[in-house]
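Note that chain A is present in both complexes that follow, paired respectively with chain B and with chain C.
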Partner chain A sequence: MKRLYYTLGKNKFWEYLLCAAFLLIFYGPLVNMVLVSFAEKYEYPNVVPATYGFKWWNYVFSNGKLVESILVSLALAVVVTLLSLVVCLPAAYALARYDFKGRSLVRLSFLFTNAFPKMGIYTAMAVIFYKIGLMGTFFGVVLVHIVNTMMFMVWIPSGSFRTVHIQQEESARDVGASALRTFFMITLPMAKPGIIVAALYTFLGSMEEAQGSLLIGLPNVHTMPSELYGIIMSFPDTAGAVFAIVLLVPSVVLMIVFRKYLSASALSNGLKM
Partner chain B sequence: MKNNSPVKLAISGLTKKFSANEGVANINLEVHQNELLTLLGPSGCGKTTILRAIGGFNKIDSGKIVLDGKEIQNLAPEQRPTGMVFQSYNLWPHMTVYENMAFGLKLRKEPKEKMQEEIRAMLQLVNMSGSEKKYPAQLSGGQQQRIAIARALVLKPSLLLLDEPFSALDAKIRGQMREELKRIQNEAGLTVLFVTHDQEEAMAVSDRIAVMHQGNIEQLAVPTEIYNAPASRFVAGFIGEMNFISHGSETLAVRPEDISITSGGAGGNGEIENIMLLGHYAQIFLRAASGETLKVFLPKERLADFTQGQRVHYTITRQTVF
Partner chain C sequence: MTQQKQHKWLPYIMVLPAFSIMLCVVVLPVINTVVKSFCTTDGAFTLDNYLYFFKSRESFESFVFTLVVSLSVMALSVVLSFLLALYLRFSKGPVSRLLGKLYLLPRFMPGIAAVYAVMNVIKDAGLIHRILLAFGIQYQPGLIYDIKGIILCNLWFSVPFSAMLLSAALSSVNDSYIESARDCGCSAWNILKTIILPLTYKDIIVSATFILMGQIGSFTIPYLTGPNNPKMLGILLYQQTSTYMDYQRAAALSVLMFLICLGGAVVYIRANMREDVWENTSLHTAKKKISRRTAQGTRWGALTKSKVGESHV
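This part shows the complex of A and B:
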């Protein structure tokens, strides 16, 4: 240790130590989860499982209800993302371009759903959903998810739209493009990074949302996170670990595919007041 | 004389008010074929308002805009045969130079070979040959403005609208671009409406200048006439250097080069306060007998005859009375 300390120098030594601690804190639980998911025989005094195998993977994928919840969650996330793009992008554009009375209030209002305890909002929504027959429906769950993700879906693209200069849109009109064509061929491609980040947040947010899905969706709509509650309570840890990894896969894949868009600037543009 | 060529653009009674003080009222203006007419004035004088109204980006309150004999004031920007270049942010950063220039041509469903040929020729005209594959971010500010001009010209606009296209550039590049613009205008036979707040730039490129002040055109004339015979006190002060001398109830406007001085021995009617050499000429501040300070320009060869504090005779060789 002493040798290492002097070889690296004082600053470097502590940097490495800090880095090691971070790695352990960030990835330790993940590694443990992966390990546990492949465990077949794993009893108390052992630190690592005694034997490995696909027993619990087989269990999860042969359970029709669980597989169905995976498909439901994916379908939900896709529908929520597309629908909130359709609903929120026009609002984001209006907030970025038009200087109307009460603009900052409208902007702030999208924060409200994230500013109060969620359960209160869900309960209030449930009361209304009962009356209009949306309880236990797919569409009801979609609405709950959109309430959650609306803030990101409006704020971040709005920040991106603001980086598109009005002259760039006017130039397109000038050379013969209609307002609609200008939006789709000039404004939207230029704002794409922010929109992708927002869509990513929405997709992942929808994948992991549990509270609202449980309250509004049950007993008909089972999503992965809401199923996870049941699994954790009624099966060994190993099944839970498998399911958690399945839940993790879409996030990791999306992050890797869209990593070049995941910059701090896209986020901070959206959060500028 | 370009004044004899047919009228390309005729604006009559154009009014566009943003508020009681902002905007333009009852503007009448004619631009002739192949003419470069400049709208010149300080910021907020309404020059850009007029230009944007012609391009279709401002909805006008009243008046008529006739281009090539057709009223265009009610058309959307994309339906007007005008081409516009803004001060900056003209180009679309997610497209290459070629894609930028092809955008409008594609909308017109131009065949691909013809399109390539036209873009190549236009890039040559603006001295940007071979830059088709570059992205705007790879170009300097001056190059970007050249591409913006080329992009407007490739669509063969009936009228080119330039909104301070060189204002964001360095002084040196700005000078070059002026010369280029003049050359391109002559080569392509363009009719151009140019907006600037830079009177030197206006003098250099214009066939005629409309000097604007608080939403009105104060004077519309060829550059030499604007310089030599300003129609109002505002024009006299805005264009070039000017001495204003009160003379009873009148004000005399005198250019610094229109005051001639001779060394006056002990007598004389003025005293040299300060001499400054500014390249090929010198600027002298002269305290007149009346107590006013006059600015005088003197060729640098004559500078040897004068020193600071010297008594001199001055005479005014030319003046405008207001």
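This part shows the complex of A and C:
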């Protein structure tokens, strides 16, 4: 250790130490979970599994109910994200560009609804949904997921639209582009980072939402996270690990695909007023 | 004329779909909840639902517990993420670039899966215990089903989130401010205190309020890693609805939790309202201080020179 300290120099040494600690804390648990998921035999005092295999993967994928919940969750997340984009982007654009009466009220109303505890909303929502026949339906769960992440879906793209200079839009209009064309050719590409961060947020929110889907979706709609609660409580560690990885994969894949657009400033622009 | 008229209504039409969904699916249920919280099961007016939570010892402890957890997660994650963001901003080596890419991932992971992964490491028969056992040390972390477990798991999520916000804020701090301050002999601590903190103050408040608001109603992490008693308010609310089926009390509890979050929201709004004032004054004072320092420096330099000159003579 001492030798390492002197070969690397003081600053480098601490830098590497920090990096190691960061990786251990944030990525150690994930690596461990991947290892455990491929374990065939993983008994108490062993640090790593004794033998590896696909036993629990086979188990999860041969269980019809679990496979169904995976498909339902994926379909939900995709539908929720697309629908949310369609509904929220116009609102985000209006909040960023037009100075209309009640603008800050509309903007803040998203914050206030986000501040109300979710469980309280769900139970009251359930009463209304029951009256109009949305209980236990796919669409009912879609609505729940959309309103859950609506604040981010409006605020973050709105922050990005604000950073697009109005002169750029105006010059496109001046050379004869229509309003819609200007939006799709100029504004949208420039606001892309914010929109992608928001869409990822929504997708993720839909993938991890459990209480609302459980309350509104029962008995017809089973999603992955609500199944996972049961699995964590009643199955061995290995089955839970497999299922948790299945739940992780879509968001990790999306992260890698869109990593170029993932910017901290897009998120921060959106959350400030 | 038509153009103008179109413009006048256009923003409302654009906001309408999102706003009406929110109105029907969230605001109406919320109003319903607030009304219900003041009612008995027969529909008569009462305050008992609220008084219950202040009278019963168990729920009072839960309030305190939730506040302790939320505030400590908030403070810890702001401090840790600020340090992380500072490091990412001012260190330009390959390690910092690597971390700059890797720190985003945890925030974009489904909470329950990540909590499960962390649980497998920190629980009493988990990885830490097993690794130490392999070296012959009998040690049980005792983290899970305890306040430490909740805080630790929450930090896992909130540190990357707030580091994201703070590193965006720090990237807007110009290198030239810091260099000029350093040229005048400003110490690292003074640079942090008089230049960086005032410039990022607002973002610190934003990230702190969002963390706090997320904590008050959180369910997944305390449900899986928290103790049975006292419990977080999110769990208490869940039990009131699904176990005891006492919707009036649950409604009252929701309103109480909302009021706590509202406190955070007010701080957030006030900090944002001051936006321009803050940025102007902070830059202004920083510049003023620097100029004063430089003035002092030159005077000191002149003084020593003249002294040297005198002694030579």
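General remarks:
Definition applied: the second predicted complex is superposed on the first by the 273 of 273 C-alpha atoms of A that agree within 3 Å, B and C clash if a C-alpha of one lies under 4 Å from a C-alpha of the other, contacts with A are read in each partner's own complex, and residues count from 1 in each chain.
By definition in this document, contacts are C-beta pairs under 8 Å (C-beta built on N, C-alpha and C of every residue); 3 or more make two chains touch, one makes a residue touch a chain.
Values in this document were obtained by computation on a predicted structure and should not be read as measured data.
When the two complexes are overlaid on chain A, chain B and chain C sit side by side with no clash. Seen from the C-alpha centre of chain A, the directions to the centres of chain B and chain C diverge by 80°, a value given as a multiple of 10 for the model superposed on chain A.
Once the two complexes are laid over each other on the shared chain, residue contacts for A:T113 go to chain C alone; chain B is not touched.
In the superposition on chain A, no contact is made by A:F54 with either chain B or chain C.
In the superposition on chain A, A:E170 contacts chain B only, with no contact to chain C.
Once the two complexes are laid over each other on the shared chain, residue contacts for A:I245 go to chain C alone; chain B is not touched. Legend: residue contacts after superposition of the two complexes on their common chain; A:Y130 is shown touching neither chain B nor chain C. More residues of chain A lie in contact with C than with the other chain of the pair chain B and chain C.
Of the two partner chains, neither chain B nor chain C is touched by A:F139.
After superposing the two complexes on chain A, the shortest C-alpha to C-alpha distance between chain B and chain C comes to 5 Å. Common to the chain B-facing and chain C-facing surfaces of chain A is no residue whatsoever. Chain A meets chain C in the complex at residues 12, 15-16, 18-19, 22-23, 25-30, 32-33, 36, 44-47, 87-88, 90-91, 93-95, 97-98, 100, 103, 106, 108-121, 123-125, 127-128, 143-144, 146-147, 150, 154, 200-201, 204, 207-208, 210-211, 225, 228-229, 232, 237, 240-241, 244-245, 247-248, 251-252, 254-255, 259, 262-265, 267-269, 271-273.
Residues of chain C that touch chain A in their complex: 7-8, 10-12, 14-15, 17-19, 21-22, 25-30, 32-33, 36, 84, 87, 91, 93, 95-96, 98-99, 101-106, 108-114, 116-118, 120-121, 125, 127, 130-131, 133-134, 156, 160, 164-165, 167-169, 171, 202-203, 206-207, 210, 213, 216-217, 219-220, 223-224, 233-234, 237-238, 241, 247, 250-251, 253-255, 257-258, 261-262, 264-265, 268-269, 272-273, 275.
Of all residues in chain B, those touching chain A in their complex are 55-57, 76-78, 82-84, 86-94, 103-104, 107-108, 148, 151-152, 155.
Listed in rising order, the residues of chain A touching chain B in the complex are 165, 167-168, 170-179, 181, 185-186, 189-190, 192.
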